[in-house]
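My questions all concern the structure below.
So that you can tell them apart, the chains are marked A, B, C and D in the order they are listed, and the count of residues begins at 1 in each.
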Amino acid sequence: MNDQNIIEISKVEKRFGTFTAVSDFSLDLKEGEFFSLLGPSGCGKTTALRMIAGFQDHDAGTICIGGQEMADIPANKRPTNMVFQSYAIFPHLNVGDNVAFGLRKLGLSRAEIKTRVADALDMVELGGLQSRKADELSGGQRQRVALARALVMRPKVLLLDEPLSALDKNLRETMQLEMRRLQQRLGITFVMVTHDQYEAMTMSDRIGVMFAGKLEQVDKPEVIYARPCNRQVASFIGGMNFLNARMTGDGGGRMDVDVQGFGALTIDVNPNVRIHGTDLLVGIRPEQLEIGADRPEGYDGYLQGTVSDVAFYGESVHYYVQAPGTDDPIAVAVPNYFHTVDHKRGDTVWLGVQNASIIDLGARESQK
Amino acid sequence: MKNITTALLTATALTAAASTAQADAAALSIFDWSGYEDQGFYGDYVAKHGGAPSYTYFGSVEEAFTKLQSGFAADLAHPCTDALRKWVAADLIKPIDTTKLSNWDKLLPQIKDVDGVTIDGQTYMVPFEWGNTGLIYRTDMIADDKISIQAMASPEYQGKIAVPDAASSAYALAALATGASSYTDMSDAEFQAASDFLRAIHQNVRFYWSDAGQLDQALASGEVVMGWGWNQSELNLIWNETPAKMMRDVDKGIATWVCGYVHLKSATQSDEQVYDMLNALSAEASGKYIIESWGYAHSNADAFKSADQSLIETYGFADVDSFFDGSLFFDAVTPELEVRMLKEFERIKAGF
Amino acid sequence: MAGFLKTEAGKGLALSAPASLYVGLLVAGPLGILVAYSFWTQTYVDIDKTLTWANYIEAASDPLVRHLMLRSIAIAGAVTLATVALAYPIAYFIAFRTQKKTLWLLLITIPFWSSYLLRVFSWKLILGFNGVMNSALLTTGVIDEPLTFLLYNEFAVVLTLAHAWAPFAILPIYVSLQKVDRALLEAATDLGCSKLERFLRVTLPLTIPGIIAASLIIFIPTVGDYVTPSLVGGSQGKMIANLIQVQFGPANNWPLGATLSLVAMASVGFVAILFVVTTTALGRRIR
Amino acid sequence: MKIVTRFPWLLVYAIAYLIFLYAPVLLLPLFSFNDGTIVAFPMKGFTLKWYAGLSGQETLLQAMVNSLIVGLVTATVATSLGLFAARAYVRYQFKGREVSEGLVMLPLVIPGIIVASSMLVLFLSMGLKPSLTTVILGHVFLALPFAVSIMKSAFDDFDQSLEEAAFDLGESVIGTFRRVTLPIVAPGIIASLLVTFTVSFDEFVLAFFLSGNQPTLPVYIWSQIRFPAKLPNTLALGSLLLLASVVLLLTAEYFRRRSTKSA
């Protein structure tokens, strides 16, 4: 990865009739970067990807790839290639012909095509399957063929539309690692659309989270996890308890707030907009809460409540604690390694939280 | 039946051999019923031009008229006399120059006079074949002395008779049955009587036949015991050894039809070639061939002398003169009457 | 224009235009001419182009037209009813009771790859006086005299047409049965329906679109058929299309033929709409 | 999953129905071997002469050639129009789509004699004389609904991203159509060609009205049926046609099944 921008998208907008699919979409991608567009279905992420690929015109804004404006360049002339969600393996061609499909348009020699196809297939570990028919391939193999077919074109940017969603869980996890390794080896920019937060987090250098046609937050996975910018992003990445809070003191950086149930705490907030008396929404990750039958020691805020539900997840146990002064039960995740905690429904428990675990999600009026 | 098959096989063999014949011969186009492409009918033409003309088929004279009036072009067509007045009115055909016909004098005089062959003193058709439409009946089921056209209305034969699905044939039958003075120009009362007769026999009609085979098979199987049909059907039955014959008593009623070739206004080939064909068709040899192989009567009087006399006996053409005297000819009906016939016949068939 | 062709609507219209224009022209053109002819008059061999209602008055006042029209609709209705009723169990069988669906579909379509005329002719061989049926019955001694009610009547027309239209009924009904979610049937059983109730309350209402499609595909062309009635209809089986055929053929009265065609189309359309409306309403009333 | 046949009567009914469907069709081949011109039981001897006689019948063979020409052109034109229309219906949302779809299906439901007679009037008024061309024009009209519905089901299974993939890999619009769309919907195209060909090949009413001096086979058969002596020849020809149709449509079915498999 270097610091050169390969894709520069500025204020792009796409409408279908009266429906606005993508609005005010701006994004710069670096060469060799693995970028994921993450969001729920219907959020416009696939539309955004298809606008980069050239399958969809945009109504406003600009898309530049490699410094060149793409508005008048059709999909077949763009330096991008795509791995389709369905893989779009040509059913009438065998594996080798599928991979060679685009090369045949480049006026290469037979020998050259042969070498490049063989190389591409070796790269995705399908060497020797050239004469297989499309309907004789497993899901994972189809995915690899689609990958090889796109990569053999040596695109500047590889676009992937939910490339792993059709695979089962184990295969998906294997492919995640493989694709990440391949991308790092080739140094090509990958832009992947996914609705799977774990996939996005494990594979990407950066993630862009989209909701309702808007790019809400673009950052490294760990930052998005630790500091989601608003309730929507927070709710889409990992589990999160949402609590109301109110500013009780002014000042730069760290401030005093009164968090629903937990009482007075001092947290990091945005100093420019937060003033005394503002109603805030804050979030606490379930795994960052401590739970105990007795009041745990060394925490900044405490709350006492009743266990309303217990959910067993194998590697962890989730408790839902109903406390006076809170609307919804607060979820607490406890690792299951020693079976040290064992609360039952109706038990009275204490929860403890550190100041650093409280995430400022912005003023409350603007969110639901 | 054997004869026809042999003739057909011979004809088709000839056709196949002639497929390399001069294109000139085939340039002459003839609008005809299927079957008349038999080369035995116009041997002289083949001899002179080295091949057969090209044929286009129609299923009925009415269909032919519609197509011609719609602009369909050919050199010769093969209608029957009853249609001719309309064809002339529609300006479809040219008069025939009888001086160019080498066989004109040899043609049966009675036939040359038929209204339709000549209209208003002009000759429009070269008559080719003629035959009878009459009552064909199963001799083993109806005694010869009991048969009559009027018997068709008898309750005894309910569901046992067949009538052609054509207004002109049906009214000819009715005119004979009711003794109308003229078939071509019936008075209102005569028309009414004829219609009433058709209504009366409608109760007995098993079906109105639209193809001759339907009548033949029904007679052969005994499904119907009598039917108004062509002499061709009688022959078919004879060949299939079915005890049936046509009632040939002119006093009891029999009709004669005459068909022939007309020179179309849309013709594109030279008169010479057209008349070569007309002469070939009306030649004695053609007549002999059609009488012996097809069992149809021909217009050339000489043909009856040279043809196999025993066959002529079988076919019932022996006494041509007396036959023509008493028989009803299918002359061209007046337009007004034709419209009334068509309309009334549809109602009768529907049971009105 | 170039911009328009790049849009979804533009591409769709451009691609479908040849087909719809072709059909549109060939439907609109003839219909227009038919309408024009219906206001003209035939005078022997010429057409009088003075506009007149005379043909319509004749068609409306002539009891023959009404009679043939009603008989045509009755025969077509009987054909439709017979065909659909006979076809439904077959479609049901293929959809629910056999694994070899393609084989069965093939089996029911193969007979219809022969010439229609020859098939109609075959029926005459079967139903005729000395036909297969009578021969078999006579040989086995079931009857002494050949049956005459088999051929040359409405029954023969209905039977022949019910045979001819069989695949056109089976296929749409099969498709609609195939679309019925099997879970719905299990749900109906679960909610206490017997097999018969389940069929009447779930399967049948869900397949009404298929039944309507099959009925229209059969009913409308049947009203216009004249070949079958003229071959097997005998003296009682004639239909309105035979009368129309006579106008265009022997009678050479195209204006009246055009008028009768339009009247027939209007009647057929009216009956078809009535049928669709009542069937849909009946389907909705099933609870 | 094995379906237990709870109602064996349904199977019995199905078999009875098949007998009803096949009875008239199987009579044709049966009597085409009968050594006699009257088609009735009891049959006479066995003969092949009706088949042998076919070869010499030039007009009949010409009618067959005419029908083949009409059928082939009709199939090609109807399938091409159907291909584009079906693609538009399946793939694009546009104003008037329902109207257009309904319109294209109209020929299925307009009585044949009315279509035939009014088309004759139209063609004549346009200066088109009855000929094989007018028959083809009429048959395309009649075959279009079949072509459109078959092609629609072919495109229903068609994954649009296949075209996008080809385009994405640098192919042009036309190249994509040729290298991807066409080969993939080829089984549908073949099925459509065969079905529209069969529709045209068996069509009588329109051909009867619209044909000029070149009759199609059904028109010829119609005129043959009127001549009892020629009937066995017609039966022989009909049997051969039946055999040919079966072969043709089995091929179509084979291709159709292949297309469903690969989709």
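Following the convention adopted for this analysis, a contact is a pair of C-beta atoms (placed from the backbone, for glycine too) under 8 Å apart; a residue touches a chain by one contact, two chains touch by 3 or more.
Just so it is clear, the model here is predicted, and its values are computed rather than measured.
Listed by label, the chains touching subunit A and subunit C alike are D. The chain closest to the protein's centre is D, with centres computed as averages of CA atoms. Mean C-alpha position of subunit C lies 18 Å from that of subunit D. Centre-to-centre spacing of subunit B and subunit D amounts to 38 Å, using the average Cα coordinate of each chain.
In whole angstrom, the spacing between the mean C-alpha positions of subunit A and subunit B is 91. Shared contact sites, meaning residues of subunit B that touch two or more other chains, fall at 210, 217, 220-221.
Under the contact definition stated at the top, the residues of subunit C that touch 2 or more other chains are 128, 130, 248. Taken together, the chains touch in the following pairs: A-D, B-C, B-D, C-D.
Those residues of subunit B that touch subunit D in the shared complex are 1, 4-5, 8-9, 12-13, 15-16, 19, 29, 31, 33-35, 37, 54-57, 59, 67, 70-74, 210-213, 216-217, 220-221, 236, 240. By the touch criterion stated above, subunit B contacts subunit C in their complex at residues 60, 62-63, 65-66, 69, 86, 89-90, 159, 165-167, 202, 205-208, 210, 217-218, 220-223, 335, 339, 342-343, 346-347, 349-352. Residues 159, 161-162, 164-172, 175, 179-180, 183-184, 186, 261-263 of subunit D are the ones touching subunit A in the complex. Residues of subunit C touching subunit B in their complex: 44-45, 63-64, 67-68, 128-130, 146, 148, 152, 230-231, 234-236, 238, 243, 246, 248-253. Those residues of subunit D that touch subunit C in the complex are listed here as 3, 5, 7, 10-11, 13-14, 17-18, 20-25, 27-28, 31, 39-42, 81-82, 84-85, 87-89, 91-97, 99-100, 103-104, 106-115, 117-119, 121-122, 125, 137, 140-141, 144, 148, 198, 202, 204-205, 217-218, 221-222, 225, 234-235, 238, 241-242, 245-246, 248-250, 253, 257.
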